[in-house]
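Next come two complexes built around subunit A: one with subunit B, the other with subunit C.
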Partner chain A sequence: MCALIINTFREKIRNKTFYIVLIIGMVLMLLLTTNNSNLTINGRKVAGFEQMVPVALAIIGFIACLLAIMVSIQTIPNEFERKTTHLVLVRGIKPWQYMFALTSGNIAAGLFCILLLSFSLILFCAFYGKLYLIPSVFICSLLLGINSAFLCAAVSVLTIKLPAFIAGTGGVLIYAAGILHGILDALAATSEGFGATIVKTLLFFIPDFAAIQGQASAVLAGGPFDIQPVASGLLLIYLFLSLTFITFRKEV
Partner chain B sequence: MKLFKTVYLTIGIVLSAFVLILGMAGLPSEDRELYGAAVELDKRASNDIWPGLNINDYPVAVRKGSSEYVITKNEIQKRKPALPVTACTAYPVNGEMNVFLPSKAELDSIGQIAEGMSSDPQYFFINRFSIESRKLSDTQYIAFLHHEALHAYQYEYFEKQLRGMEPACEESEIELLLEEADKDPVISSIDAKMTALLYMLSTDGAREGITEYLSARAALMDAYAAKLGQEKTDLIRRYVERTETVEGTARYVEFKTAEALNDKKLMQQYLTGLKEKAKGREKYYRSGMTLCLLLDRYDPGWKQQVFAGPASPAALLEKSAKGF
Partner chain C sequence: MSIAECSHLYKRYGSCEVVSDLSFRVDEGEILGLLGPNGAGKTTTIKMMLGLTVADSGTIRIKAGEGVGYSPETPYFHPFLTGREVLRFYSRLQKIGKAGAEEQINQLLGAVGLEASGDKKTGTYSKGMLQRLAAAQAMLGDPGLLILDEPTSGLDAIGRMEMIRLILDLKRKGRSVIINSHILSDVEKVADRVVFIVKGRNAGEVEKREYMETGLETLFMKAAGIGTAGTTRIRTNAEIRTESAAGDPTGGSEDICAL
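Presenting the complex of A and B:
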């Protein structure tokens, strides 16, 4: 199973598009956060390290999640299309092990992408003369990795049963729901009826991406740290990963 | 493989237990501290905010997710939410007025949830999300606590009088009527003039400005009568006066809380808001607040009369203006 995870991971990180998007994202983030631009949020000029940290993390979070969807969307459908599934299964590997390994490989590639993106965070810290924050950058990247790992797991599980295009759209919707989690949650809490129940149920299975990003920001810029969204995010990754034990395509 | 399964299962159990324990942690310390700060403020500045208003006279029900934590004088108890939805309000539970508010973190998510949603959700979102840095400050949360506590106070002592001010139809019907009527250019221009006058009065409070504002107010009612007829105008008048009495005073209490906490930035935010053209109920929250601030200047005993009368802030100011 480890060999399968490593193979999937290697295949994913060989993809050139992966690096192109990564470099564009890094450059964009550095340009927006280190250039003395006229960046304003809610009509207020954003400047200085503490104010720029959430902006930098939001950009990195977005790029990482985009890459997570890109990385995961084709892995499992390609295996079925190439008929590699058959070759693997005849060697005594069980279907759940196979799906679990492919999903874990995707998660590893998603985390690798976050690791690469953390170099731009180091440059960002260096620009503001805060190189002593390098250890915090890694903790911060690991926290951001929760969002990206969850997306990898969710999209991978979706691709087992659904066509890649639908799974990709699902991934984007999950990302949007995760980022707007707090708002949607509060809106659902202020409403009654079937729609509100559906929204609450769906949100129960999606981590609060913004809250996790907020904790990453607290690690880097200093501030109160709340472990709850992080723990819930990890539990949801576990749950989605566990779904690979019971989900498999009939075609081999 | 057996080892993998054991390790995997153990991770799952540990994670689930951890999340469960965190979920049972109770009311966040942030909310407890804010409640404590509000009670302390009442001890030293209750008369400055509203004489007789004390938050710890009422159980405060703080909603967090699907749980509600009721804070009374000495303890915090968890209960099943008394209201079906999250809201900022005051409502009787088992014969006792409760103050309802979401936790600070939840309130941060969408700003003032219940207030102002009734008429124009789009405007509500734009307005709320333009509040600097989206999050409420601690002072704002304490101010909201006082806002809702004032409603509890109003309905505990003056329910009968305030019910007597209610218009003879649903408020939503009048809000629709107002929305339509406010598109009229004559009404709209008087409205714009009143907004400008209110802002000016909030900063200098000159007597001439008050007379001019009251004349503009009368002209607005005449314009409504010309457009909608006297019967509908009477409904609008009652709605406006009641909203200014019930909600305008509550907004005034928010402002006075900010003042008691010496939060100049928040006070300025309330005053600057008067410059903007507000829609729906929000307009009367603001006008009511300004009228109360003017009454502080020209009729210091107004707080004893406003609910007991009942006499709307506008009526009280008109009475004072006769002596100018």
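Presenting the complex of A and C:
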């Protein structure tokens, strides 16, 4: 199974689009972390490298989530389309092992991408002499990696049964629901009826991306850390990974 | 003695019966050609033999202890891997030990004529080279039965010649091979016996000496019901079943797909 994960990872990190988005992300960070920025958030001018780091991390989180969807959207459909499935399954690999390995490969590629983006921020930290920020930035990246890992797992599982386009759209909707988790939760709590129940059920299976991002910011700012959203994110990754054990296409 | 036997296979996709009461056997050391028009159910039959799809009913028996190697019609290998890395990857999936795998990979690259290109990326391979690499991966682990799906399809004249030479080499080494093809001339060059599959049924089978006398095309036309045959008579499906019942051609076999 390790061979399959490594192969998937190797294939993913060779995707040119992946690097184009990465370069765009790095350029954005370069623009943000320069002191000449005129960025204002909630009417307050954000100036100086240290104030820019949380903004840069939020952008890293966003780009990493987009890349997570992009990375995962084609892996499994391609395997079925190219009939690579035949060469793997005839060797006694179980369908669940195969799907689990492909999904894990996607997650590894998603994490690689967020670490690569963070690496550029770490370089800027070193360049501006803010070495003390490096450990916090690294931990923040790992926390943000929970969001992208969840998206990789969710989109991968969706692509087992659904066409890539629909699974990708599903991934974007999941991302939106994850970011707006708090608002949607509040809306669902104040509503009644079948629709509200559906929304509550769906939100139960989607991590609160904003809350996880909030914990990453708390690590950076040295504020209080709430383990609950992080733990629920990890649990949901586990849940979606375990869905690969029971989901497979009827015809290969 | 047969290495594999399919009995009364049925497979339906929705309202379409793709395979219908199909029976045939593969003898040890023989090259069996599965010949039929496109959509005749050949690939579905192979997928059932490989366990990639489940037959609605019928049995498939493979001789105990024998592995099955498979080479697909349009093989895809990651273009960033070298031929050697592709074989290494599949040998790891088959859990072949590292030392044994390296020895086998060197042998197989030599057997398929890719020893000089083994360290080149598969993205640079021609279609013929990819087909030969596919045959090499099918031979990993030394399986008793090899299933080659349209091995010469889409190849140029040289590629086809090389593939035919490789299949004949396999026969010399005593391997049992099933060749699934719709190219009569290629099957004619290598097959010891040919089973005609028409509309999912066994429309008859002929030995090499029979089709060499009459010509495979004529016999195939008759089996497909689109012409008249010469003097050689094609055995019907019912006759084949009677012959099989007379002796147990599957001695020492085990069910891999009892339905």
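Annotations for the structure displayed:
Criterion: the second predicted complex is superposed on the first by the 238 of 252 C-alpha atoms of A that agree within 3 Å, B and C clash if a C-alpha of one lies under 4 Å from a C-alpha of the other, contacts with A are read in each partner's own complex, and residues count from 1 in each chain.
Criterion: a contact is a pair of C-beta atoms (placed from the backbone, for glycine too) under 8 Å apart; a residue touches a chain by one contact, two chains touch by 3 or more.
The structure displayed is predicted, hence computed values, not measured ones.
By the touch criterion defined above, A:Ser191 reaches subunit B but does not reach subunit C.
After overlaying the two complexes on the shared chain, residue contacts for A:Leu234 are found with subunit B alone; subunit C is out of touch.
In the superposition on chain A, A:His86 makes contact with subunit C only, not with subunit B.
After overlaying the two complexes on the shared chain, residue contacts for A:Asn7 are found with subunit C alone; subunit B is out of touch.
In the superposed model, A:Lys161 makes contact with neither subunit B nor subunit C. Touching of subunit A by both subunit B and subunit C, each in its own complex, is seen for no residue at all. Subunit A contributes residues 2-4, 7, 10-11, 14, 82-93, 251-252 to its touches with subunit C in the complex. Residue ranges on subunit C touching subunit A, taken from their complex, read 47, 50-53, 68-70, 72, 74-76, 78, 80-81, 89-90, 92-94, 137. The touching residues of subunit B, when paired with subunit A in their complex, are 4, 11-12, 15-16, 18-19, 22-23, 63, 65, 84-87, 102, 105-106, 108-110, 113-114, 117, 129-134. Across the complex, subunit A meets subunit B through its residues 1, 41-44, 182-183, 185-187, 189-192, 227-228, 231-232, 234-235, 238, 242.
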